[in-house]
Amino acid sequence: MTDPILTVQNLNKSFGALKATDNVTLDLRAGEIHALIGPNGAGKSTLIAQITGALPPDSGNVGFLGRDISGLSTAERARAGMARTFQISALAMDYTVLQNAVLGALGARGGVFQMLRPVMRNKALLETAHQALDTVGLSDHAHKRTADLSHGQRRQLEVAVALTLAPKVFLMDEPMAGLGSEGSAQLITLLDRLRHQAPILLIEHDMDAVFALADRISVLVYGQIIATGTVDEIRANPAVRQAYLGEEDA
Amino acid sequence: MTLPLFIEQTLNGVQFGVMLFLMAAGLTLIFGVMGLINLAHGALYMVGAFAAAATAAATGSFILALAASVVFAAFAGVLVETLIIRRLYGRDHLDQVLATFALVLIFAEGTRWVFGSFPLFLDKPDWLSGTVMLPFGIEYSLYRLAIILVGLVVAAGLFWLIGRTRVGMQIRAGENDREMIAALGVNISRLYTLVFALGAGLAGFAGALIGAIQSVQVGMGDSVLILAFVVIVIGGIGSIKGAFVGALLVGLTDTLGRQLLPMFFALFMEPAAATSTGASLASMAIYLLMAAVLILRPKGLFGGA
Amino acid sequence: MTIKSLITATAIGALGALALPTAHAQAEGLKVGMITTLSGGGAGLGIDVRDGFMLAVNQAGRSDLEVVIEDDQRKPDIAVQLADKMIQSEKVDVLTGIIWSNLAMAVVPAATAQGKFYLSPNAGPSQLAGRGCHQNYFNVAWQNDNLHEAAGAYANSAELKNSFILAPNYPAGKDALTGYKRFYEGALAGEVYTKLGQTDYAAEIAQIRASGADSVFFFLPGGMGISFLKQYADSGVDLPVVGPAFSFDQGILQAVGDAALGVKNTSQWNKDIDTAANAAFVASFQEAYGRLPSLYASQGFDTANLLISAMDKADVKDADAFRAALKAADFTSVRGAFAFGDNNHPIQDIYVREVIKEGDVYTNKIVATGLSNHADAYAADCKM
Amino acid sequence: MPRETLLNVLLMTALLAFPLWAHLADEPFLITLTTRAVIFAIAGIGLNVALGFGGLVSLGHAAFFGLGGYVMGILAYHAQTYTPLMEVPFLIEGTKSMPVIWLVAIVLSALAALAIGALSLRTSGVYFIMITLAFAQMFYFFTLSWPTYGGEDGLSIYVRNSFPGLNTMDPIQFYGLCYGLLMLVLAFVWALSRAPFGLMLGAARQNEARVAAVGQMPYALYLTAFTISGAITGLAGALFADLNRFVSPTMFSWHTSGEIMIFVILGGVGRVFGPVAGAVLFLLLEHILGGLSPYWHIYLGAVLLGVVLFARGGLYGLLAGREVAHD
C-alpha cells in the first residue's frame, strides 16, 4: 500500500464541555474518495476546519505528503496543495466566473503583490483558469458575473477554483448540498473523474452520492469516528446502523 | 499627593465615567441590537441639553428640565429612527457612518438656527448647590455626588431592564439572533424604535445633567461622542457590562492621568516642561488605552471570543 | 458673493437703513475683505466683530467703501482659501476680521507679503508683534498677552501672593500664563495646562483646593470658561478669581449666570467707559441689533473707524500715505485713548472689570485701571 | 466607449480646461479652488485603495494627510530659518525642494500606515473604524500641544516650495504640478486595480475565506493596501500644505478623516476615478450651498443623506451604472 497523502492523528478539540473532535484518526490515500459521514452536529465541519488550519486543534497532528503541517496557516496549506470547497459557496460574487478561476491560479502560483501588469492578460493564468472551467463545464459562462450564477453553477465553480490550485488533495464540504438530482448526477460524474487527479476527502449528506463514489467511509458521531471501512462494511456495521443509519430510518 | 486629593480625584473620575456610561449604554445597545453605528448619538445629547435649558428658562424647574431632556431626546430619536435610521439597518458600516455624520451636520446647524450661536444658560437647582463633607475631610460638590448616585441608579435600572424584564429578554435575543426574535413573535420594528428611543433618552438625560455644570452650546456632543465610542470599543461593542467597565476605566484614566502624569514627569524634568509634556500625554491617554486594549483583545474587554 | 450680499442685507435690514451702495463702479474706492467665523463653534465672536464693523461702516455711509464678508468656519485652511479668493478674485485692498490666532498666523504673513493691509480686530499672536511684524499689519485690539499682563498687575495691587494659574495646552494658553507671570510678583501655587476643548474641570479644581492658593488666574476661552466657572462656583472653593475678559464677555456671561458674579477680569473696553463716542456706540449697537455690544463688537467698530479715518486722509492705492494715515490712528476709539506703538500694536489703558447684574442682565463694570498706556513686550523685537 | 470611460475622460478634460480658462480670464482664485479639488482627489484616491478596494473603513486617514502636511511644514520651516532639523547622530537639514518633500512625505506616511495598519488590522468592523480614529486623534492631540512647530497655531511657510524649472507661486504652474501628480497617482491606482494585487485584494474584500483557500493571507493584502493608501494620502497632505503654505493640527482632526471619506463616497466607492468626481462635487457643493445660507451645513447634510439612501454608488453609480466586472 502506498503512503497516505493526508493523515489525521489523534486530533482533539473541545468547546467548553463539548468535545467537538474526540481523538480522531483517519487517512486519505492516493486515488481514493474517502467519505466522512455523520449526523448534523457530529463535528464534520469542525474537523475540516482543523485540517485546513482555520481552527487550531487542542492536540493531535495533521500530516500531508509525509510531513507534519500542524504549524502551517490555512494559506500555507493551500499553497502546499490542499484545495477545498465550502459548504456555503465562498466566491468573490462581484467578479466574473473567469476572474474567480484566475484567482485560484494566481493564489497557487504566487506573484500576488505584482501591481502594474494586468492580471487578466496573463496567458499562463488564463490557460489554467479556462482549463478548470472547461473541466467542470462552465466555459460558456466564463464572463458572467458570479452573483448571477445558479446555485448549481456556483458549486461547479467552487470545484473549478479548487482545480486551478493544482491540488494534491481535495477537501469537499457537502458539494451536493442544495443541488437537484440532475446537478448531483453531473457532479458525481465529475468527482469520479477527479479522484485520479487527487484523492478526495468528501463530507456529504447525500447517501446515494456517498455510496456511489466512496472507496472508504468514516462515520463521525459526537466527535468520534465510530467506524471506518468500505461501503459494504459500513452498511453492515451494527454500530453505524444503530447510531446513524438507524436514526435516519426512524 | 495627599490621600484626600487622591480620593477626590477618584470620585471625579467615577463621576465622569458614570456620565460616559449614560451615553455609551445607548450607543452600545443600538449597535448590539440593530448593528448600527450611530454618530448622531452626540447630537441627541445636545438636544437633551438644549431642551433642558429652554424648559428651565420657561418654567424655572430643574426637575421639569430633566424630564424635558429625556422626552425631547427620545422623541427626536423616534423621529430620526422612523424617518431615516430605519433604512440603514443591514447597510454596511460605511453607509451608516456617512448617513449619521450627515445627521450630525443637520442637527448642529438646525440647533444653531433655532437657538443662535451663543451658549444657553442652564444651572443646577439651589437644593443641589454647594458641597458636602465626606470622610477624610473631603469637601465634595453635592451636584457631582448626585450625578454619581443618579448614574448608578440608572445603570442598575438598565441592568434590571436588560436582565429581568420581557423587553430585556427581547433585546438580548436581538443581540444574539435576529431571526429568533422574529420567531418569538416580537414586533421587530417596534422593538428597534424602542431601543433607539431608550438610547436617545439616556443621551439627552446625560446632556441635561452635564449641561448644568458645563456649557450648553452647539457642538457640545462631538467630543462626548468620540469618548463614548472609545468606551464601548474598550468594553466590547454590544455589552452593557462592558460599557460600564469601559466608562469607569476611561473616566479614571482621564482624570487621574491629568493629575498624575505631570507629577510623574516632574520627577525628572523641569517643572514647566513637565507640566506641558504631562498634559500632552494626558490628552492622548485614553486613546493610548483604547489602542492597547484593542491590540491585546481585538473585540474589547467583554466582546466575546 | 451671495453670502456677502445676504449678510450685508441682513445688517442693513437690522439698521433700517436704505440700501448700501455697493460700490462696484467706484474706481477710486476701497474694498475690504472680512474673513471671520460665522458658523460652527465660536461663531458668536465673529458675528459680534462683523456687526460692530458694519455698524461703523453704515454710520459712515460712504459710497467708496465696499465690504466683502466670508465665513472661515474657524478652519485655517478655509481661511487661507478665502484670503486667496479675496486677494486674487475680489481684488480687495484691505483684509480684516480674523478671530483666532492660529487662523491669523495662516493668513496674515502671506497677505501682507502680497502688499495687502491687514487690520486685526481680535487676534494678536506674539509672532506678529515681534520678529514677524510687518508694516502693513495693524492690530486694533491687543497683543494676545496684554489682558493677561494686566491681570498679573492687578493681582499685585490686590495683594494676591499665591496664585494657581491654568490655561489650555496650546500656544495662546502658554502665552496667557507667560503674560500673567510677566507682571505678577507673587508665588505660584500651581500651574496647569488643560486639554484644549476640555469641558470637565473637576480634576483641576481638586488640585486648586489642595494647593493652598490664595487666588486663581485662568484663561479658558469660549465654552471652556463657562464650564470652568460653573463648576468652580459649585466646588466650595471660594478663592478670588482673575481672568482676561474673554470668559466674561457679554455674549457668554448670560450662559454662566450667577457663577460669574464678582469675578475680576481685565479688558481694554467696557460699555461704561464714560466718553460720548462710547455712549453713542452702545446705544446705536443696541438699537441696531437688539443686544448689548460685546468687547468683540467694540473691536470691530474701532477697526472700521480706523479704516475710515485713513480713507479720509489718503488713497489706498498710495500705500505709503495710506500706511501713515493708519499709523496716525486719527479716530475716536470707543475705548478712549488709543495709539499705535512702533510695531503697529495698540498702546492703551487696560481696565479691571467686575461682573455684576443689572436687572436681569449680567454685565461688567469698571472698578480699576490695571495698566496705563500699556504697550506689548515684543515691540523691541520688531524691526520694520 | 463605455459610460464610465466617457465620464473619466470628460472629468479629466474638464479639470484641464477649466483652470486654463480661468488663467486666460485672469481668475486666479478659480485655479486655486481647482487645485484644492485636485489635491483632495489625490487624498481620496489614497483612501479609496483601502476603503474601496480593500473594504477597510478607516476613519483615521487624517493621520496620513496631516503627516504629509507636517513633513512639508517642518522641512520648509528649517530651510527658511536656516536651522538644521537634527544634528545628532547625523545632520539633517530642511529643504524647500518639492520632489524631496514629496518623497519624504510618501515614505514617512507609508511607514506610519504600516505601523498603524499592522496593529489596527488585528481588529475588524467597527473596532477597526474606531482604532484608526484613535490613532489619528493621538496625532491630533500631540501636534496640538507640541510647542516646537507651533502647536495649535500651526506653521506658516512664507514662500511656496520650489520645483526645478517652475515658478510654484504662479497658480497655474502649481496647478500643473498637482494635475500631473494626480494623473500619475491615477495611472498607478488604475494599474493596481487591474493587477494581480488588485484582483486578490478585491477578493479579500468580498470573501476572506476564499483568499485563504487559494493560498493567500488577507492580512498581508490588507496591510499592503493600507500602506499604499496611507502613502498616497500623505502625498496629498504635503501638496495641501504647500497650497496653503501653512500646516496646523486641523489636518489631523477627525473631521478631515470624515471629509476624505465623503469624497470617496460622493464619487463612488471602489471606482478608480470616483474620488476625483467626489472631491470636485464636494467643493462645488461647498461653494454653491455656502452661498445659499450661513446654515449651509444643513443642506450639505441633506445631500449626503440623499446619496447614502438613494444613490449608493455615488456620482459614478448614478451616471455610469453598476460597476462592470472587468476581464
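Points to keep in mind about this one:
In order of appearance the chains are A, B, C and D, and numbering begins at 1 in each one.
The working rule: a contact is a pair of C-beta atoms (placed from the backbone, for glycine too) under 8 Å apart; a residue touches a chain by one contact, two chains touch by 3 or more.
Fair warning: this is a prediction, and the values are worked out from it, not measured in the lab.
Shared contact partners of subunit B and subunit D, listed by label, are C. Contacts with subunit B and subunit C are shared by D. When chain centres are set by their Cα atoms, the one at the greatest distance from subunit C is A.
Rounded to whole angstrom, the centroid-to-centroid distance between subunit A and subunit D, based on C-alpha atoms, equals 43 Å.
The centroid of the Cα atoms in subunit A and the matching centroid in subunit C are 74 Å apart. Centre-to-centre separation of subunit C and subunit D, using mean CA positions: 36 Å.
Inter-chain centre distance (subunit A to subunit B, centres taken as mean C-alpha positions): 49 Å.
Residue numbers of subunit D whose C-beta contacts span two or more other chains: 141, 144-145, 147, 295-297.
Taken residue by residue, subunit C touches two or more other chains at 39-40, 169, 174, 193, 195-196, whereas all remaining positions touch fewer.
In subunit A, no position touches at least two other chains. You'll find the chains touch as A-D, B-C, B-D, C-D. Residues 31, 37, 84, 87-88, 91, 93-95, 97-99, 101-106, 108-110, 112-113, 226, 229-230, 233, 237, 276, 279-280, 283-284, 287-288, 290-291, 294-295, 298-300, 303 of subunit B are the ones touching subunit D in the complex.
On the side of subunit D, the complex with subunit B involves touching residues 51, 57, 59, 119-120, 122-127, 129-131, 133-135, 137-138, 141-142, 144-147, 254, 258, 261-262, 265, 269, 295-298, 300-305, 307-309, 312. Contact residues on subunit D toward subunit C in their complex (touch as defined above): 27-30, 32-33, 36, 141, 144-145, 147, 150-154, 156, 158, 171, 240, 244-246, 248, 250-251, 290-297. In the complex of the two chains, the subunit A residues touching subunit D come out as 52, 54, 73-76, 78-79, 83-84, 86, 90-96, 98-100, 102-104, 106-108, 111-120, 122, 143, 145, 161, 164-165. Residues 1-2, 4-5, 8-9, 12-13, 15-16, 108-109, 112, 117-121, 123-124, 129-131, 139, 141-144, 210, 212-220, 223, 255-256, 258-259, 262, 271-272, 275-276, 279-280, 282-283 of subunit B are the ones that touch subunit C when the two sit in their complex.
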